Amino acid sequence: MAGKQTITLTITCPDTVGIVAAVSGFLSEHDAFITEAAQYGDPFSRRFFMRCVFIPGALSPPKADLEKRFSLIAQRFQMIWHMHDAEKKARVVILVSKFGHCLNNLLHHYHTGSMPFEVPAVISNHPDMQSQVEWNQIPFHYLPVDKADKTSQERALIALLDDLDPDLVVLARYMQILSPELCARVSGHCINIHHSFLPSFKGAKPYHQAHTRGVKLIGATAHYVTTDLDEGPIIDQAVERVDHTHTPDDLVAMGRDIENVVLSRAVRYHIEHRVLMNGAKTVVFK
Amino acid sequence: MAGKQTITLTITCPDTVGIVAAVSGFLSEHDAFITEAAQYGDPFSRRFFMRCVFIPGALSPPKADLEKRFSLIAQRFQMIWHMHDAEKKARVVILVSKFGHCLNNLLHHYHTGSMPFEVPAVISNHPDMQSQVEWNQIPFHYLPVDKADKTSQERALIALLDDLDPDLVVLARYMQILSPELCARVSGHCINIHHSFLPSFKGAKPYHQAHTRGVKLIGATAHYVTTDLDEGPIIDQAVERVDHTHTPDDLVAMGRDIENVVLSRAVRYHIEHRVLMNGAKTVVFK
Amino acid sequence: MAGKQTITLTITCPDTVGIVAAVSGFLSEHDAFITEAAQYGDPFSRRFFMRCVFIPGALSPPKADLEKRFSLIAQRFQMIWHMHDAEKKARVVILVSKFGHCLNNLLHHYHTGSMPFEVPAVISNHPDMQSQVEWNQIPFHYLPVDKADKTSQERALIALLDDLDPDLVVLARYMQILSPELCARVSGHCINIHHSFLPSFKGAKPYHQAHTRGVKLIGATAHYVTTDLDEGPIIDQAVERVDHTHTPDDLVAMGRDIENVVLSRAVRYHIEHRVLMNGAKTVVFK
Amino acid sequence: MAGKQTITLTITCPDTVGIVAAVSGFLSEHDAFITEAAQYGDPFSRRFFMRCVFIPGALSPPKADLEKRFSLIAQRFQMIWHMHDAEKKARVVILVSKFGHCLNNLLHHYHTGSMPFEVPAVISNHPDMQSQVEWNQIPFHYLPVDKADKTSQERALIALLDDLDPDLVVLARYMQILSPELCARVSGHCINIHHSFLPSFKGAKPYHQAHTRGVKLIGATAHYVTTDLDEGPIIDQAVERVDHTHTPDDLVAMGRDIENVVLSRAVRYHIEHRVLMNGAKTVVFK
C-alpha cells in the first residue's frame, strides 16, 4: 500500500442538508476507513465545519486522484477544504526574545519526538537562546532590532520566512509587535502566546496589571495573530489560582507553567489540523 | 409539520467501514437536517459509537416509519440503537437520605426548567425532605429501612419503581447499598454520586479517608450503578483544591458544591442521551 | 466560662516591627488560646493584615475588658481592628431579581445550617421568588422599580436596609445598578456576583460577550460593590472550560454553577471575617 | 550588616498557649523584621507548625548567636526547629531514567535561575540524558542496574549521595524502587513524582490503569519517599480533564505537563522550607 498513508480532511462550508452524507459516502465508496471524525454546524454563522481522519484501503486511489474526485463534492457545497498527509511533519518556525521557557518546552517536544514537527529555524532579536537552539542542531537566526529603523529587521524576517516556508510560525514570547504586512502574510498560521486570560489585560505587562487589579486567577491565551493586537481568534486558554501573597514576580513565575501548557496544546491542535477558523473565533476539534 | 420534532439517534455497533456514510446517507435521503453529530470508534474494543440530533424535513416520514426503515441499516451493522424524541421530558426519580444538597440542586433545575425533566417522585428512607419536595408539588414516598429486614423496604422500592417506570433513577446521596437484584433492574439508567474522586476512597466516609491520607485535591464522581459497589462506569468527575487546614467537616462542606455540579452534569448528559456504554466505561458526547 | 466564646480578631495597620509579637503577647498574657492565625505584610502598600481566632481561657477577662485593654496596643500601631464574637450569626440580607439560582443556593445553606448566618429579609424588584423565600419562613419584600422614577424604589430600599441593619448585603443576581449614595452606605459589606471572569466582560450580558469573543473558559467573580461598576475589590473567582459548541444559553446554564460556588464562598469568607480590604484589592485569609 | 541575610525559621512542636507570642516576641526583641509568617495548629495531632521569614536588623546578633539564644525557647516548647539561611541555594541531586521531561523542566529552572537551587549532579541508570545534562555543565553519573545484582548499583548510589550530601534528592521519573535502607537515608528530603492522582493507581503504568478504569480526570502526585511505595506524605497534586477519545499514549503525553508542574512546585516548596511533616501528611505553607 505504498503512498496510502493516513489522511486528515478538513472542511468549512455553508451549512446545509447532506454534507456528512456526501463526504462519508465518498470515503466509503473509495474504501477509506474513518478513524476519527468530528463536525459542527454553527447556528449563528450558519457555517459547517468537519475534520475527518481516514486510512485509504486496498481499493483506494492515490491521494492525488482522491483529491481530484473529491473536488466535485467540494464544489457542490462551496467547501474550503484540504487533504493533509497526516504523517508529514509540520515545519514550525519559532520566534523568541529573551524569555526562553516556551522555546525550551517546544524544543523538548521536538527533541523527544513527543509532538511530531520539524523546526527548520529559530529566529530571535536577541542572541541569548543561540546555544540552546544549536545544541538541538537547529539553525538559529539572530535578527537584532534597530530601534531607529524597525522595518529593516522586519524585512529580513519576512525574507527569511519566505525562504523557510513554514506551516506554522510560533511567537514563543517574541515580544515584538508585527507589522500589518507581516500579520497578513502569516495569517491563519501564526500563533502567539499572550500571558493573560484574554480579553483581560491586553498589551504590556499583563501580570503586573493582574496584580494591580487583584484578580484571584491568572491565565494565558494562545491565539492566531491578526493585525488587531491580542484580538485574534483564541485557540486555547488556561488559568491558575493566585492569592494576595503573590507578587508580580510570583505571577510571572507561575505564568510560565500556564504559558507552556497552553502554547504547546495550541501548537499540537494546529499541526494536527484540529483548528478551523470561524470568523473571529475558532472551532477546535480536540 | 405536526409530529416532526427533533430526534436524537444513538448507535453502538462493531466498528467497520461505511457506518457514518450509511447513517448520514439515510438521514439525507429522508430530508432530515443534522444539527449535532458526534461519533467515536474505540480502537481497543473495536466498537463504534454515534449520537446524532436531527430535525425531520417537509418530506420526512413520521418517526415510526423512519424507525422501521432505519432498522434495515441497523440490522446490517448489528446496531444497538434508539431514536429518542428529543423534546419528550425524561422521567427522573430521585432517591435521597438525609443530605439534601443534591436533591435541592436537582429540584431547582426542575423548578426553573433549566434542565428539561419531570420528577414523578422522590423516594427516601428518611422523612426529612418531605416538606421541600412537596413544596415543589412532587409526590414524596417515605420508605423507612427496618435494619432487621432490609429486604422488605427494597421490595417496596422495587414495586414503586416498577410502577413509576422512570427513564432515570438518581441516587442523590441515598446512602443505601442496592441489592444485586435492584442493581440489575436499573442497570444503565441509575446514576449514583460518590463523594470521592474514584477509584480513590471507595466505600464509607470518603472525605474522612481523604483527610487521613492528606490529599491536596478532593473530588466527586457520578457513575452508573452496578452490582460492584463504586466500580460502575464513570460519567463525570471534578475536584477542588484543599490544604492541611481543612478538617473533614470542611471537606464535607466543600464537597457538596462539587457533588452538585458533577451530579447535575451527569443527569443532563444522560437525559440528553449523550452517554453510551462501552464495557465498564462510558463514551460521553458532550 | 459564661460569655467566653470564640473570638475572631481582625487587624489592619501600617507594617512595622513587633506587631505579631505585641498581639500574640497580649493574647498569651490574657490566657487566650489561638486556634487559627494568619498575617500578611504587603510590600507594595506597606500595610499589615492579621486575622486571629482565639478561645479565652479561665483567666481571661470578659470580651469588653479585653477590647478595652487591647485598644492601647491598637492605638500604638494605628490599627483598624475588631473583635468579632465568632459564634454570633451574621445577618445577611439578600437582593434578587428574576434569576433565583444564587438565592436558592444561599437559602439551602441557610436552611440546612451549613453556613452560619441569619436572613432577616430577601428583597426583590420582582415577585417571582416570594413563595420560595416564604417557605423558608423568611420575610420577602417586593420593591418594584418604576422606570420613570427609579429613585423612589431606592429610597424605600435604603430605608429598609437601615431598618434591617445587616452585616452583609448580597446582590444575588440583583440586576439593578445601585446609586452612588447606596453604594457608599453599604461600602465594605455588600457583595455582588458578576457573571464573568472580571475584568473581562464588564456590564450587561457577559456570557453573550464571551460567546462573541470565542473564549475557551468562562467565569464568575464575587466582589465588593463600589460606585465604579464591576470594579470593586475581588473576593473570589472561578472558571469552567467551554468550547465552540456552546451557545450563549449553554454558557448561561454552565455559569449558574460557577456563580453559585463563587458567591457562596465569598459570603462564607465575609461572615467568617476572612476578607480584609487592601485599597482596591482584598486580602483573603482562607 | 555583613552576614545578616534573610532567615527562614521553621518550627514543629506540641501545640499549647504562647508559642507565637514567644517566637514573635523573641524576634521583636532581637530587632528582626518578619516579612512572611504562617502557623497552623492541627486539632487532630495536637501539633503546632510555624514558618517565619525575617530580616535581621541593625541591632540583631549574628545568626549563630540568634540560634543559641533561641534554643532556650525551643527547649521550653519541645520544638523541632531550624534557622535556614534563606539565600543559600539548596543542593538538589536529580535521579532520572529514560523519560526526560521532568529533568528538562527542572534544568530549565536551574539554567534560567527562576528557582534558586544548585544541581551538584544528575544520576541515571541510563545514559540517554548525559548530553543534555552536560550541556548545562552539570556532572552526569551513569549507574546502570545489573538485574542479577541490583544491590551493587544501589551501594554505588548511596556512596555517591553520601559524597554529594544534597539538601534534596528528586526522583524525576527515576522508575526504580529504592531499598528500605536508601529510603531511610533520604527520609524527609527525597521527593518522588508519581504519575497518578494518588491514592488511585499506585504502582506500575498508572496511565494505563486510568484508561482501563475510564476516569474523566488524570493527575500526578509529588510526595516524600518512604519505604511504603507511593504512600509517602503528599506535597502537591494536580489533574487535567480527559475523555473517552484519549488513548493511554495520549494520557502519557498530557500527563507530562501535569508532572512537570506538580514536581517543580513541590521542589520549590521544599527548598523554600515551606513543607513540614505532620505524621504521614504534610503542612505546606504556600
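For reference, chains read A, B, C and D in written order, and residue numbers begin at 1 within each chain.
Operating definition for what follows: contacts are C-beta pairs under 8 Å (C-beta built on N, C-alpha and C of every residue); 3 or more make two chains touch, one makes a residue touch a chain.
Because the structure is a prediction, the values reported are computed rather than measured.
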item: Intersection of the contact lists for chain A and chain B; value: C, D
item: Contact-richer chain pair [B-D vs C-D]; value: B-D
item: Whole-Å gap separating chain B and chain D, where each centre is the average of the chain's CA atoms; value: 42
item: Whole-Å separation of chain centres (CA-atom averages), chain C against chain D; value: 37
item: Residues within chain C bordering two or more other chains; value: 36, 43, 245, 286
item: For the chain B and chain A complex, residues of the former touching the latter; value: 17-18, 20-22, 24-25, 27-29, 31-39, 41, 43, 57, 241
item: For the chain A and chain C complex, residues of the former touching the latter; value: 40, 42-43, 197-201, 213-217, 219, 233-239, 243-245, 247, 278, 280-284, 286
item: Touching residues on chain B, where the partner in the complex is chain C; value: 36, 100-101, 104-105, 108, 112, 114, 132, 135, 245, 253, 256-257, 260-261, 264, 286
